[in-house]
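One chain, subunit A, links the two complexes that follow: it is found with subunit B in the first and with subunit C in the second.
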Partner chain A sequence: MRIKSTLENYVFVLPAVTIFMIFYVIPFIWVFQLGLFEWDGILPTKTFVGLGNFKEILFDKIWWQSMGNAGYITLIALTLQNVVAFLLAWACDREIRAKNFYRVIFFIPPVLSEVVVGLVWQWILDGNYGLLNHWLGAIGLPQLTRNWLSDPQTALTAVAVVHCWKGFGWGFLIFLAGLQTIPRELYEAARVDGANAWQAFRKITVPLMIPVAVLVGILTILGTMQAFVLIIAMTGGGPAYHTQVPVLRILASMRGSSRFGYACAQGISFGVILMAISFIQYRFSKKYKG
Partner chain B sequence: MKTSAYYKAKKVAVNVVIHAFLLSVALTCIFPLLWMIASSLKSQDVIFKDMSLLPKVYHFENYYRAWMEGGFGRYFINSIAYTVSVVVGIIIIASMAAYGFSRLQFPGKNIMFYMFMAAMMIPIPGSFVPLYVLLNKLHLRNTAPGYILCMINVGLSTSIFLLKTFFDKMPKELEDAARIDGCSKLGIWWHVALPLAKPVLAVVVVFNALNVWNEYVLALIIFDSRPLMPLQVALTTFQGEFVTNYPLLMAGLTITALPIIIVYLLMQKYIVKGVTQGAVVG
Partner chain C sequence: MSWLFAKRFTVLLFLVICAFFLTVFLTGCQPSKKSDVNSISVWHWMTDRDAAFQELAKRYEAKTGVKVTFELYAPSDAYSQKVRAAAQGDNLPDIFGILGEKRDFSSFIKAGYILDLTPYMEESLGAWKNSFFAKALAVNEFIEGNSYGVKAGIYGAPIDIMTIQMLYNKKLFKELGLNPKKPPQTFAELLEMGQKIKQAKMQGLVSGWGEVWMVDCFASNYAFNIMGKDKVLATIKGEVAYTDPDWIKVLGLFKQMQESGVLANGLVTMINKTAEQLFANDKAVFAFNGSWCVNVYKGMNPDLDYAGMLPPKASEQNPMAIWGGAGSSFMVNGRSKNKEEAVKFLQWLTDRDQQAYLAEITNNLPANKNCLNKIPDILASFAKAMDNATHPNVWGVSEFSPVIEAFDKGIQSIIIGEKTPEQVAAEVQKIKERELAKKRSR
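== the complex of A and B ==
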């Protein structure tokens, strides 16, 4: 009877665990195994190269360039995107009209796919027929017009700004939820004590929002470092590797050069870096929850 | 002495500044979409010259052509089919598992649950590489079931987490009553627990639906044959074919984006809830 009941209980988790084992655990183990081989993904034979793939990564200039590019986009997202998100949340965290309208609108870019966003912006930024260049010409600044996405000087920044456009809604919602947990009485008390708005902001809002800002910051880093679909849609990684990012390199190693082992090794090295960031997040959230 | 009129004027001024800021950002959010729709309604002859938001002549036939000649009808139906299958699969599989983890006893329960939770925390960039190899071995690559199973797996952890959190807080009395009435465990899950979980199920449905509809990279590596592709992959794969025809591309983009925007506007309450809850887990 007991055994039958236990078996019956397993039925509940069996489908989920089976799918998870096959589509998560096995690939997870394979990444580490494949990373030690040179393999084209088709032939039945794999050549064992030990840590050769990892050694190669150390000297892979394009890999590190793509890492730098992702870092640059992340830096812009951390500053521009999150500052805008916070200011918007702060502006919305009060008795104003149409609060809900703004909240709904700001989260439209995040629900769109990166492909749609990328292709629409590519059309707007088009060098010959794009709307941006047309407007620049119309307001008398034709010297500023350029081929935004194929000019090495602007391509990466253009991609980064569009990434921020797509992503600020997340930070906005989380910041707003955080601001709304601050008890109104604190502001009342500060006002009674003669504090002006700026002082209240600095002494109440900022310290209480630090944990939320850390959370948003970490989510931004993890999300932006791994972003790549938007770039496929906008530039495909060009011009000449100027907008390459790590995951795009992994995809290229696999599909372009058919080097499955090298792609896995790239995935592992990149994953370790992201894990370190995740770990810092975990430590921070522990510290602030306690 | 500052008068009350001064404070009133100051308050109005602050409000104007705040609204100007919020409104300008809101406009930036919407404008590219309006531009996309406007471009989709222009003809090939004028799209490179007519820079107005309202075309002089509306070419609605672009949509018909994108749907029929561009193949977007097919891709649209594929996307719908994948989204519905994955969401239904996740609802059943994740809610069963979450109910098991929350209410039932069996050896190894905690380890299994923590495994799902660990999967949410550990980023594996490039996990598509071994998945490609796996699906090849299972002869599931370039098949709809292969993609659907992969996507169910993608949504499982978060869905189980959300549902288990809900079941943990749910009062047990109703289930006890059903048990006394002779209801089986599966019967209780289906007839009692699931109906009570409707609010959180809505969050799970909306989130996974958005996720599948917008998914790109797995579909890219799994599907080779054109008739199986979902919208997102079709858009980038055949983008080259449209470069000479921007109105059709823009119509295709609108066909891809519009369902998501409509679902979002109808269900935004649940999305906001999911984001704020998800961030706390994150």
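== the complex of A and C ==
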């Protein structure tokens, strides 16, 4: 009877395991296997190079520069994007007029197509006929006008800010859901005890929102490190290598250089780095809960 | 009892779901059904030509009874990936095109995916072969002893030709006080005009230099002009270093253009579509674009007053070369059951009447040299530039992709004032040596 019950349990999880194996585990193994070969993606023959592709990644300066660029965008997203998302969620959680309208408005950027957003912002930030430069000129700040996307000093930051604009709605939504789970009685009790709004925020809202912040942080890191559509639409990774990110480098290896083996090795390395970051954050959140 | 029945039913349901997913997976892995003998499938990426292709397919079916299905996959990047993936799954259509370098083309041939068209080209005293511009055909040809290790032959039929050259806006020339009948002939004259453009606060040269291949094209034009074809090819073979003074001179031209004001703002991240919009709307004095632009400009601004010109010479020692040759080509699937029918269709498609129709509808230069008399003046100027045309696909040697990338990105760095031509040359040479060493060790 017990064996039968165990078998039944396995049968119940079988569909999920099958799907996971077919769409995640097997492709991962194939990609890793391809990473051990030099292959142009067309010829039936592949040349075994062992860990040569992985070794090459270690000395690929452009790859590490692209990792640095993605790290920079992630840092801005973790701070600017999430702070804005939290503050807006906090504002919408209070009794303000038309809060449902704001909730819808703030969630519009995430549902827009990344290509469309990229092209619209490219137009806004255009150095010749862009709206931003036009406005800067109109308000008497023509000295600030520049080629935002072609200037190496501003290109990456401009891309990062647009990425934050596009992505803050997700954080907003999760923070808002988190804020709504905090029992209102805690605030009432605090008020009875004489706590002001700032003290209530610091002593009730912030501690109870830390697990949510960790979750938003993990999602932000994973989402931002893998961002590339917006960047292709805005700068194509230029000028020079100033807005290159890892996924663009993987694409360049596959499409530009026809080095599928190397691209697979890059993909695996990048995946391992992302998993490591997620694991660290997971441990951090567990430690916090403990 | 009913509890037991429900439990068994649930188990059965899960097994059915498992079987369903497995069936879906296995069906997905199975190669798709090949086309019938009386139908030919063609894959392409040419959005602007799709309507014309569909019309020609109807005409062909009416004439022969053979149904031709044109399937459009755009943009070109997505098309390219689809063709590669289809090759791996042995699902390629009867006719398709290849986008990419000649190295990729050769891999498709070596894998047996492309039919050698030479016997068909040579039939009837080479009637089919002789109908094409020689330079258009050369792009699809592998000569004896080529460095790719491919058997000599012609492996594709060009359906149109293109040249990439400079264009200038006559209206803006007049506003600058320049003679619209006298575009700059020398690089010094171009730089002089750059000063005027800067003073008038206009935009100079626009092009898709954010998509790096166009900057590569412009640079190689000047490399041919400054050092000649032999030295350029010797560099690719690794016999001449990129740190050679001639290469530094080529790279230095971009610095000079930037300093003089010839280059438009934001050129380094500009995509060609943006460049086309700026030029078509009288917002840029010069453009560097391919012959396909005639159709694009016509759509954007039918009143645009412009003319074509070769990039102004930087040296008198060698002629100016521009990229040109086959614009788009079709290949026949070497493993197709319908290859004979597919060849017949390609022969029909590249025949005079069909080529004239395509040229008329799409404003592209026809690959068939017998129908040039029907094209507009501006297109004729592009056709005339074929005399100066060359193309990496006919050089017989290919540069390593990382070297091309470093060279093109290096030019962007020069334009944004981040690096000097000498620094870029040294970096490119370092990558070249690394790639040569890797090649030797294989």
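Couple of notes before you dig in:
Just so we're on the same page, the second predicted complex is superposed on the first by the 253 of 290 C-alpha atoms of A that agree within 3 Å, B and C clash if a C-alpha of one lies under 4 Å from a C-alpha of the other, contacts with A are read in each partner's own complex, and residues count from 1 in each chain.
Everything that follows uses one rule, which is that contacts are C-beta pairs under 8 Å (C-beta built on N, C-alpha and C of every residue); 3 or more make two chains touch, one makes a residue touch a chain.
Everything numeric here is computed off the predicted structure, so don't read it as measured data.
Once chain A of one complex is fitted onto chain A of the other, the partner contacts of A:Gly127 are limited to subunit C, with no touch recorded for subunit B. In the superposed model, A:Thr235 makes contact with subunit C only, not with subunit B. Looking at the shared chain after the overlay, A:Ile174 reaches subunit B, while subunit C stays out of its contact range. In the superposed pair of complexes, A:Asp151 makes contact with subunit C only, with no contact to subunit B.
In the superposition on chain A, A:Pro44 makes contact with subunit C only, while subunit B stays out of contact range.
In the superposed model, more residues of subunit A are touched by B than by the other of subunit B and subunit C. When both complexes are overlaid on chain A, the residue A:Leu215 reaches subunit B alone and has no touch with subunit C. Of the two partner chains placed by superposition, only subunit B is touched by A:Ser278; subunit C is not. In the superposition on chain A, contact of A:Phe12 is made with both subunit B and subunit C. Look at A:Ser258: by the touch rule set out above, it reaches subunit C but stays clear of subunit B. The interface of subunit A with subunit B overlaps its interface with subunit C at residues 8, 11-12, 15, 19, 22, 41, 128-129, 255. Taken in their complex, subunit B has these residues touching subunit A: 15, 18-19, 21-22, 25-26, 28-30, 32-33, 35-36, 39, 47-48, 51, 92-94, 96-97, 99-101, 104-107, 109, 112, 115-116, 119, 121-134, 149-150, 152-153, 156, 160, 185-186, 189, 210, 213-214, 216-217, 221, 232, 235-236, 239, 246, 249-250, 253, 256-257, 260-261, 264-265, 268, 271-272, 275-276, 279, 282.
Taken in their complex, subunit A has these residues touching subunit B: 6, 8-13, 15-17, 19-20, 22-28, 30-31, 34, 41, 84, 87-88, 91-92, 94, 96-98, 101-109, 111-117, 119-121, 123-124, 128-129, 131, 134, 165, 169-170, 173-174, 177, 215-216, 219, 222, 226, 228-229, 232-233, 246-247, 250-251, 254-255, 260, 263-264, 266-267, 270-271, 274-275, 278, 282. Listed in rising order, the residues of subunit C touching subunit A in the complex are 7, 11, 14-15, 17-18, 21-22, 25, 77, 80-81, 84, 87-88, 100-101, 103-104, 107-108, 110-111, 113, 203, 210-212, 264-271, 274, 278, 283, 401-402, 405, 409-410, 412-413, 415-416, 418, 442.
Subunit A contributes residues 8, 11-12, 14-15, 18-19, 22, 38, 40-44, 47, 122, 126-129, 147, 149-152, 155, 234-236, 238-241, 252, 255-259 to its touches with subunit C in the complex.
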